[in-house]
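Given below, in the form of structure tokens, are the structures.
First subunit A sits with subunit B, and in the next complex the same chain sits with subunit C.
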Partner chain A sequence: MDLLTFARGMGLKAAIAIFCLGVTWRIVAFALLKIRRDFAAPRESILKYLSGGLITTMARSWPHREFIGRTGPGEALGYSYHLGLFAVVLLFTPHILLLGSLFGFTWPGLPSSIITIISVLTLTLFLAVLFRRVTNPVMRMLSNFDDYFSWFITMLVMVTGLAATAHVGGPYETLLAIHILAVDALLIWFPFGKLMHAFYIFPSRAINGALLGRKGATS
Partner chain B sequence: MADQLQQSRRPSVIYLSFQECTGCFESFTRSFAPTMENLIFNVVSLDYDDTLMAAAGDAAESALDKAMHDNFGKYVLVIDGSVPTGAGGAYCTAGGKSAVETLREAAKGAAVIVCVGTCSAFGGIPFADPNPTDAWPITAIIGDKPIVNVSGCPPIPEVITGTLMQYVTTGRLPDLDQHRRPKAYFGNTIHDRCYRRPFYDEGKFAKSFDDEGARNGWCLYELGCKGPTTYNACATLKWNGGTSFPIESGHGCIGCSEPGFWDKGNLYAPVSSAEWGKAAESSPVDALKLAGGAATLGAVVGVASAGAGRLRQHRSEHPEDNEHPPRSEP
Partner chain C sequence: MTESSMPTRTPEARVAGAMKGFAQEIGALSAFRMESCIHCGICAEACHYYIATEDPQYTPIWKVEPFKQAYKREASALAPLYRLFGFKREVTADQLAHWQHLLFDSCNMCGRCSLICPMGIDIAALIEQSRHAMFEAGLAPQELYDKAAHQQLTGQPEASAEPYRDQLIAIGLKFDVPIPLDETDVDIMLCVPRTDIEHYPTAVAALARVMQHLGSSCTFRSDGLIAENYGYYAGGKEWQRDISLRLIDQAIACHAKILLVPECGHAYTALRWEAADLYGAKLPFKVSSVTEFLGEELEAGRLTLKESTQGTTTFHDPCQLVRKGGVNEAPRALMKAMNVDLHELDNHGGFSFCCGGGGGVLDIKQAAPLRYRTVEVKLREIDATGAQTLLTSCSDCRRTFDDAQAHFSWDKRPQSLLELVANNLIESGATP
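Our next item is the complex of A and B:
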């Protein structure tokens, strides 16, 4: 068995199994966590505080007007590289075909040249994100191994993908195998690190908003 | 080169066929430059080839013995077919000798061994799972001779003759890649040199064989073309005197010049697609089964984890529950 066959066969199979197991484990464990009972009477009707959860989810996804000067650039950076990642992952034809082989349906992709441009821009934004993390004293203090490793493994996937597309650094099949192995590693790491924010971010905002809404606070 | 060819004594070539389909030899006979006739009448002395020679039986075998004896240490040994070692080599015998015996005997006096075709180079289809004859490529059996692999199922005719010509004229082996293939022919992927490549870059892909996209020359990647991972000269030298090559005829490359090509999954699945096992067994249903099973297990672990968390929480909130009741005095 060569490296590419392993990467897109057994390796990918194991990575997907661990990803699904880990994600379900963490979501179920999170959903069944005991929330401390609030003995105070709710200030608002149940509909109102549930809608508060929805409003908070949306409001926290956009910079607050008062702090836009301070938080706006960071949020713009975050949105940009996330959009870049989505475009590269979901609109590059070989990726669509991989996902199609898993889910059974495909969709139109973008030309490779456009994906390459988006990849290079996203890579640059990734470096900017790291620069911001290490130069901003507060962010540096808040960061731990998880943040840097999650950044590294995502970056590894991007770099190896670009190298495979551009045929730089070795034979295509080796580069492709390394790229898929990097994806396998990312899938394995995903449930156990901060990449899980993809699943947690909106529910946690909604729960916070709903709990605050129950107390009569609005976002 | 022409002078060199005229002056030199024609080197002896012994062509042995083992576990193969004769497609490689058929390909060899269709070389345009040089033609096989020109090669065997003017350049080399083809002293043994059981497909082409008029002699048969003992006469043929004695021709082989004589060629090996007279040209010991100097002849070029060309081999097509893999070597079956199962059942004591009984799957492939000629003249009362098994393929592996003949190979070992012939290899002793060879100056160089040229493996023609994927079967002799990498084992090919006989070597594919489950390999019922316990077949092996030549490199797995002969380790002390210079070996050049001219892979392909079959190889391009001009790659066979070109490799032989280079050795005969220069006396040196060509530069080889990591699979011992001449870099001059196997240095680039078919994808890199394919005339459909610009359509890959533009994101234009044929969705089915002979659809409008396929007829317009769009890339066959989605139809399973293995051009991106296959090193060969099909897109440049082409076949039948440069007429066309499989991709030009509308079928994707099947990667036949690569080691283990038959066991690398579905020939019609894109290179980037997931490969779960045997070609016919791969389907989204397998992926969903795997994901569903793993998610179910994850849910069980999640419930257990949440239960343990709640217990810890309860104990920290109610430390009195942790204290053991005092023992009553007897």
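Our next item is the complex of A and C:
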């Protein structure tokens, strides 16, 4: 079995299995903990506080006016590279074909040249994110192995993907195998680290918004 | 346990106590909040302690770091792996001792950080739970511990020359206003901040005057007089429950339909949002802040107010009442009814900066130098409005501003919204 066959065969299947089991366990583990009943009388109707949760889920992506002066640049950086990642993962034709084989449907992609430009921009933003993490005193203090390793493994996927697309650094099949192995590694790491925030972000916002909405409080 | 018997514990016992306390607190919601943090540090930008000092240790989520560490090591989905590979070390006694400063001296539990987190984590809720663990570790600040212990035992946070009941009666006599006391079968049970009894008796008189004006069937109760809850401040959950139960029992005894919380933000949080959980069931009465109660009376047409003669005014929104409590519109409706010339702060309503004294911080002596630095953030913002008068609806905020006024020789004294209402009542038959 050559490297490419392993990477997109057994390697990918094993990685997806670990990803699915790990993510499921990280979510199920919460359900094993107690959920406290809130006896305090709500100020608002259930519809109002559920809508509060929905609004917060969406609105928290944009800083409140009171905060934007202090957080705007950092948040713009953070959301920009996420958008870049989504574009590359979801709108690059080979990725669409792969995902289509899993989900049974496809969608239109962007031209490769556009994807390459987005990839380079995203890589640049990703380097800026790392620079910010090591130079900003607050972020440096908060950061741990998880933050740096999650950055590294995502970066690895992006760099190897760009190299494979540009045919730079070796034979295409080898570059592609390395890229897919990097994806396998990311999938395996995913449930063990902060990449899980992809599953947490919207429920977390919704819960906070709903609980504050229950009180009629600002969210 | 008496107020003087705060236990001296071995470091190991402290850590064990704290972890036990925190483990008891961990439910699905807390776990989810702790797992969701992406270490972006944005919460620092909402915190007046960080803004005033730019010291990273005042980053809100960092204030719960030992407890995140303990949760991940002991109770998270990956706990066995964390322990096996040593990714999360055991929390040490020295670490906890240092965190006393971060959890008590430098946090008002104001909740502003909970509005900025892009992951939507309610960091203030985690900090409150961490305070519970610190209490279990014997690391609550002495001032808060002593007051909580005294209040749990006697109903008063500290001994007074005269019992507060007698002081309350004296206030009624001095200001010539009836103080309904220990009546039964009333609609409303009143309580009072001890801060008002000691520092702002005019606010106590204003409460009684307004209730008299409205013709409300109400009473204070000798055995449930004090609104503040030092158990809440200190992180002593059992004591918080005992202190809340004292008021709940009295409200039930006098068959009150409403327990009216005076101008005290943290008392509102403790009674409105937390007391029922500690009671273990829905409360058989409504808990309402005096500000929202007056807002409702105004809306119903039972409260009519004349135009205030005071000059330009700005309003400080008490965090617990507005941001965390949802009482946002009532103060503004009352001010509008008195035609107050309101100059809003740049950060107002739910986004208001804390006064710096809440969460028991005003009582912690060693916190004072840092508190003054954070108060300056607020004072500058108030000055920038150009308003002549500062109005608020929380006696702890008022006391914090008064303290800052003395410290900085500031040119403003905070005033009470309740007192302004009491001074602008239109007696029946009179014209505005």
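Odds and ends about this structure:
As a convention for this text, the second predicted complex is superposed on the first by the 216 of 219 C-alpha atoms of A that agree within 3 Å, B and C clash if a C-alpha of one lies under 4 Å from a C-alpha of the other, contacts with A are read in each partner's own complex, and residues count from 1 in each chain.
Just so we're on the same page, a contact is a pair of C-beta atoms (placed from the backbone, for glycine too) under 8 Å apart; a residue touches a chain by one contact, two chains touch by 3 or more.
Owing to the predicted nature of the structure, the values given are computational and were not obtained by experimental measurement.
Applying the stated contact rule after C-alpha superposition, one finds that A:Ala166 touches neither subunit B nor subunit C. When the shared chain is aligned, subunit B comes close enough to touch A:Val23, but subunit C does not. Once chain A of one complex is fitted onto chain A of the other, the partner contacts of A:Leu12 are limited to subunit B, with no touch recorded for subunit C. In the superposed three-chain model, the partner touching more residues of subunit A is C, compared with the other of subunit B and subunit C.
Contacts of A:Lys194 after superposition on the shared chain: subunit C is touched, whereas subunit B is not. Contacts of A:Lys34 after superposition: both subunit B and subunit C are touched.
In the superposition on chain A, A:Ala76 contacts neither subunit B nor subunit C. By the touch criterion defined above, A:Val134 reaches neither subunit B nor subunit C. The residues of subunit A shared by its contacts with subunit B and with subunit C are 25-26, 28-29, 31, 33-34. By the touch criterion given at the top, residues 1-2, 4-5, 8-9, 12-13, 16-29, 31-34, 93-95, 97-98, 100-104, 109-114, 167, 171-173, 176 of subunit A touch subunit B in their complex.
Put simply, subunit B touches subunit A in their complex at residues 189, 191-192, 200-203, 205, 221-222, 228-229, 231, 259-260, 263-265, 269-277, 282-284, 287, 290-299, 301-303, 305-307, 309-310, 313.
Of all residues in subunit A, only 25-26, 28-31, 33-41, 43-44, 56-57, 60-61, 63-64, 66-67, 70-71, 74-75, 78, 136-145, 147, 192, 194, 196-197, 200-201, 203-209, 211-212, 215-219 touch subunit C in the complex they form.
Here subunit C touches subunit A in the complex through residues 26-29, 31-33, 35-36, 38-42, 44-46, 50-51, 56-57, 59, 61-62, 75-78, 81, 87, 114-122, 272-277, 279-283, 286-287, 322-328, 346-347, 349-351, going by the rule given at the top.
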